[in-house]
Amino acid sequence: MKISARNILKGKVKEVKHGMVDTEVDIELPGGGEIVSVITKHSAETMKLAKGKEVYAVIKASNVMIMVD
Amino acid sequence: MKISARNILKGKVKEVKHGMVDTEVDIELPGGGEIVSVITKHSAETMKLAKGKEVYAVIKASNVMIMVD
Amino acid sequence: MKISARNILKGKVKEVKHGMVDTEVDIELPGGGEIVSVITKHSAETMKLAKGKEVYAVIKASNVMIMVD
Amino acid sequence: MKISARNILKGKVKEVKHGMVDTEVDIELPGGGEIVSVITKHSAETMKLAKGKEVYAVIKASNVMIMVD
Amino acid sequence: MKISARNILKGKVKEVKHGMVDTEVDIELPGGGEIVSVITKHSAETMKLAKGKEVYAVIKASNVMIMVD
Amino acid sequence: MKISARNILKGKVKEVKHGMVDTEVDIELPGGGEIVSVITKHSAETMKLAKGKEVYAVIKASNVMIMVD
């Protein structure tokens, strides 16, 4: 399976916080950084996301902004 | 200046590819990974993005999906 | 600090409605209009968003659609 | 016709810049501010967007970030 | 009223699940497929979305990714 | 491979229009409808998208708006 999104970052779930509709998922990256995702609670539960699970953060290039000092 | 976007990843511009309206910017992350961004050509030129420049990739949490094997 | 997002609208927080994961923030614009934002509750709390606070609504150009009568 | 997007800002087209796939549309707001949109060239041509045309900028609340000084 | 979003899919509301800020809306498509949307609770209530209501799912082309086997 | 995006619609490529940075891909759905996607040219070429190829349109629920008459 290949997806057009250009950014696929491998990491491990650090924390899962469920809301009623959405769920926040904090992901630890190997280099020490972190990625935060908000997906639907349905997906978080279906994918059995829990602390320690290996996941990929997937981000479309057009959703990445750039900031400079 | 603080922004609500939860994902701010520091890196260095690796490559800039201009289109007529958009520009693709490939960013090298310290850990060896890469982030690809598509912003408007106007912004890329205004921010003088070029190979080697230090930048931050900024991504709203609601734009991060999760994939599992 | 400069960000590639082309739309940065200055305004004042009118109302903050927290959910469990997300927070809705209604922003009054100087011209009398209003902008509604949904960000993570974590960010809304970290940025101490409350009625009357001066903020900027930041919107990437590729997230703006156009409608005509 | 009613749409769920919470942000619908009335304005006038100031400039249209076509690319091969995308088109950048700069919109003047009554209060003097400006909104920049990137839509597909197909839509820009179908909607006959040109300088002076009255339009609405439509933005989903979840695509609005917040920045503070 | 014409909108620049290229994807407008007609369907019927199958289920509405309210959160505190967001609402998930499941939409049945005529061909038997389904589309899931997350909008603000405010919009879902204002539009009186309920099972059986005829609606359109509206999606900007730049928010559609592509996957292949 | 499982992805959190709730909307995965199977179809066939009808047309591919390359720009310099982006590519527009029109996808025919089995029920007769159509989905239009804009992805990076790099992804469109890497995935060898061409007329007749079987693909999936992938859309995050938070990117689906709702419209009513």
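In this document, chain identifiers A, B, C, D, E and F correspond to the written order of the chains, with residue numbering beginning at 1 in each.
Note that a contact is a pair of C-beta atoms (placed from the backbone, for glycine too) under 8 Å apart; a residue touches a chain by one contact, two chains touch by 3 or more.
Remember, predicted model here, so these are calculated numbers, not experimental data.
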- line: A CA-based fit of chain B to chain D gives a rotation angle in degrees, as a multiple of 5, equal to 120
Field: Between chain F and chain A, distance of the C-alpha-averaged centres to the nearest whole Å
entry: 22
Centroid distance [mean C-alpha coordinates] between chain E and chain B, Å: 29
- request: Report, in whole Å, the distance between the mean C-alpha point of chain E and the mean C-alpha point of chain F.
  value: 17
Field: Where chain F touches two or more other chains at once, by residue number
entry: 1-6, 19-20, 22, 24, 36-40, 42-44, 47, 58, 60-63, 65-69
Task: Determine the shape of the graph in which chains are vertices and touching pairs are edges (line, ring, star, complete, other).
output: other
Task: Chain pairs that touch, all of them, please.
output: A-B, A-C, A-E, A-F, B-C, B-D, B-F, C-D, C-E, D-E, D-F, E-F
Message: Using the touch definition from the top, list the residues of chain D that touch chain C in their complex.
response: 3, 5-9, 24-25, 27, 29-33, 35-39, 43-44, 47, 49, 53-69
- request: Would you tell me which residues of chain A are touching chain F in their complex?
  value: 1-6, 37-40, 42-44, 46-47, 58, 60-62
Message: For the complex, give me every residue of chain D touching chain B.
response: 17-20, 22-24, 36, 38, 62-63, 65-69
Query: Given the complex with chain C, which residues does chain E contribute to the contact?
result: 1-5, 19-22, 40, 42, 60, 62
